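Residue numbering begins at 1 within each chain, and the chains themselves are lettered A, B and C in the order written.
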Amino acid sequence: MNIIVCIKQVPNTTDVRIDPVTNTLIRDGVESVINPFDAYAIEEAVRIKERCGGKVTALTMGPPQAENALREAISLGCDEAILVSDRKFAGSDTWATSYTLSAAIRKIGDFDIILCGKQASDGDTAQVGPGISAHLDIPQVTYVKKIEEISDKLAKVERMTEEGYDIVQTPLPCLLTVVKEINTPRMPSLKGMMRAKSAKPLKWTADDIEAAPAALGLDGSPTRVVKIFTPQQRKGGEMMSGSTEDVARELTELLKDMVI
Amino acid sequence: MASITILLEKCTGCTLCIKACPFGAIHMANRKAVIDMAKCTLCGACVTACKFGAIELKQDAGAKKDLSSYKDVWVFCEQKKGFIQSISFELLGEGRKLADKLGVKLCAVILGDGLESKMDELSWHGADKIYLVDHPALKSYQDDPYTEVLVKLAQEYQPEIILCGATTIGRSLVSRVAIKINAGLTADCTELDIDLKERLLLQTRPAFGGNIMATIITPNHRPQMATVRHKVMKEAALNKAHKAEVISKRYPEEVFTSRTRLLDIVAEIGETVNLSEADIIVAGGRGLGGKQGFAILGELAKVLGGAVGAARSAVDADWIPYSHQVGQTGKTVCPKLYIACGISGQIQHLIGMQSSKVIVAINKDPEAPIFKVATYGIVGDVFDIVPALTREFGRLLKK
Amino acid sequence: MDYLITEQQTMIRDLARKIADEKIKPVAAHYDETEEFAWPIMKILADSDLFGVYIPEKYGGLGGGILDMCLVTEELSRACGGIALGYAGTGLGTLPILLHGSEEQKQKYLPDIAKGKRLAAFCLTEAEAGSDAGSIKTTARKEGDKYILNGTKQWITNAGEAEIYTVVAITDKAKGIRGASAFIVEKGTPGMEFGKKEKKMGIRASATREVIFNNCEIPAANLISKEGMGFIVALKTLDTSRPGVAAQAVGIAQGALDCALEYSRTRVQFGQPISSFQAIQHMLADMGTQLEAARALTYATARMSDSGAKAMSKDSAMAKLFASDMAMKVTTDAVQILAGYGYMRDYPVEKYMRDAKITQIYEGTNQIQRNVIAANMIKEKIKK
């Protein structure tokens, strides 16, 4: 089984802080990590490989330093890695990003299943996974929390909903986006880390993936950011004190209108 | 190809652009700004921040397209088991404002099976037109037929704007539709407005886990598509005199085929897990010490008619299932009231709940970061205070 | 302090630290409370290849040495000295095979150990043979191509959980300590049983039980080295493993110091963090300095072992003695800095203090270590 897992390198949100004076993001010392949701996709891809055989290819679009995310993916069990990187991709919105990744996947050619995290922690759009499947015109199942069965032809999966979950059967090839509940990602292994150190991820440019120039980057993106600003920070309010009973009574009174 | 340049003669080295750049791509060299192209995403934040017009962002404008044939504001109305979901009424409320500003019609789009009787509900919430596609294959959401039908409708009637809930269904559906009809799509908007001069939808959304806000436009593509989070917009007022024109569309059978098969729909048994629907959430973290702690929270939630949420640490410790998790790797919620019990308030948790209207925090550590966002803070033992609150609210609500 | 470890060792240390922080710290209190053996953590260590860091590449390991093993033990002990012992105890049980085993024995056992598929344990101590290891009573009688073991080993780390046991038993009573031999016994061999699990003061996540041999038959091929070599094997094993105990002590102390430092910066009394008081600062300074000295001695000894040094009883005894005494002192001081909170189980420092105590006791009490050190010093003086 040929498995492709799409990942994104994002700033570690644990490190993201707001400068209280200038009200801007402090980025000094912010580490880049694999998008936390993609870690579940990588783990699931490796588990499918362990179950069914085959290989896992990690794919990312990003700046040259995104190669580090690919090395980490290899240390976690991916077999091959491809970095799609070109200045022409700068300014891509989710439309252009999913187009670029789908063009890279077309170049890879042979695949049975594509896995993505349900969304990235920096953009939070959840649009790129479904976007890729739309560009490739293959079936998708989003928010997958369990793969019940998988064979060369079919997968039976549980798709998380607001109320519970759906059980969906999909033919392969298909694209799945996964949620945290699907697995607990393993720790990297030393042998994997050593393999990652010497691995040479493939580097593809816009020309390599034979992408239409007009569909790339800022020019290929229907949406444009016109303003970025820091939201008003929520301020801490009143600290209540007194005996437990007093505090409970006072709070009940304060919240009366909200709960009735 | 698009490009960005610093106009050296105009740059004063004031460093405002460095602060504005969300990607850390600008630094100073010889008192002039320098952009690291490996990091720059051409987002344009520095262009707006620069007071001296020293940063130039160029893109291939292309021929200005004639977009005048696109009209009306559409709301994709979600139904489950034939019931219209409340997010749809919120979107109709917001859609009404946008349609009025643009002077166009507000249209509801609804896909399902046997929905004729539901048309009044949509009319009363302000829809001027309703596009109804009724077919057994549309009974429950499936990606293929829903995408196909919405694409066909949009291509035929050419709406200017399509709004959709940022739900599991909405996000999956419109992401595909936007690609197929070559439209711009902005996720999870918390504020929508109209630039009347350019007839543009101004879409504002949080990014970087709510640490920054971005306003996004779709200048050259139609429709302009946006998903909106639940509970952000106000429901449309009910007007039983309002009457919509219903356009019932039929399509050939092949439009309704689905490659995936929906085998079963499983509702999680028991309590109200649906956090994103809840107006009141009582949530617990590590400070609860175990499953028993959540039993105490459950009692308070029951009295208040709310749902139980949890911080990641409690979920990781197996005290409560993942479906209750609030925060970065769980759900984003914005209820009217969020009561955080024994939750320290790590940034990943705050991301998921800080847009709640009122936050009450109960924690024994006065230094816990949760107090920085709490409307009301109580330093004390959860095991004393929560039962006391259950008693008081029980008395108030006569339960 | 920069100890100039290799790139591979840095990778090993960082991975062990990541596992300790992300996987062990959250469950350390749980395993301390329940006294269960932390199999899920052993599985993680196995999948990460950490069990193989000191095993040669030809047997499926990563080809490192005792320093590599120490780095892992130290990092794991930072989170939990008890869980770390599941790892370190396997190292102790493996050393007799690694140092004295035949090629066949190595090929048979080391690959599984390197993969973490099977844990190991070392069986020397008996009820009446603690510091006086020479008076062990367990016997191994040769019959044809078999040995038959009888006797009871006491306080065996990893007993019941491990699958490979290296056992020292008497083959020729007349020869005294020269009549002891070392054997490999696999779990499940008929006649091998385990006693009840001991209830301990600290390292409670570690399994400590009796290993009972009752006419336990093993193939003669399981003899390590030759008959009569048992004590040489045991002494050499302990000389090599003692830096591991020292590393465990360093890790436990570091864990406690980290807590104390963090707490002192956030605990406010008299309107300021207690870290601003000189009384606390001087305690922290002493703790940090002693800790670093112990680490330096530990690493130096481990490196000496890895360089192939033959006689290192004195040096490894010094490392173990110094590091374990340091750990007891530093963890006690950490409890003192947290004071009332430190004494409560809500904070992990009281556990570090309980865990530290064992490092002064096992693999030779510190009194025995002093004997060994002094005896060697005097011997060296005479030789000159």
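Here are a few things to note about the model shown:
Note that in this section contacts are C-beta pairs under 8 Å (C-beta built on N, C-alpha and C of every residue); 3 or more make two chains touch, one makes a residue touch a chain.
Given the structure is predicted, the values throughout are model-derived calculations rather than measurements.
Looking at A-C alongside B-C, one finds more C-beta pairs in contact between the chains of A-C.
Greatest Cα centroid separation from subunit B: this falls to C.
Centroids of subunit A and subunit B (each the mean of its C-alpha atoms) stand 18 Å apart.
With centres set at the average Cα position, the gap from subunit A to subunit C is 41 Å.
Averaging Cα coordinates per chain places subunit B and subunit C 54 Å apart. Shared contact sites, meaning residues of subunit A that touch two or more other chains, are absent.
Contact of a single residue of subunit B with at least two other chains is seen at no position. Multi-chain contact residues of subunit C (touching two or more other chains): none found.
Residues 313, 316-317, 367 of subunit B are the ones touching subunit C in the complex.
Across the complex, subunit B meets subunit A through its residues 1-2, 19-20, 22-24, 37-45, 48, 59-60, 62, 80, 140, 143-144, 147, 167-169, 171-172, 175-180, 182-188, 202, 206-221, 259-268, 273-274, 276-277, 280, 304-305, 322-323, 325, 328-330, 336-337, 346-348, 351, 354, 357-360, 371-380, 384-385, 388-389, 391-393, 395-397.
Put simply, subunit A touches subunit B in their complex at residues 11, 13-14, 16, 18, 22, 24-25, 27-28, 30, 36-37, 63-65, 87-88, 90-95, 98-99, 121-131, 133-135, 139-143, 156, 158-171, 174, 180-181, 213-214, 217-219, 221-231, 234-241, 244-245, 247-249, 251-252, 254-256, 258-260.
Partner subunit C is touched in their complex by these residues of subunit A: 186-191, 193-194. Against subunit A, in their complex, subunit C makes its touches with residues 8, 11-12, 15, 18-19, 22-23, 44, 47-50, 52-53, 62.
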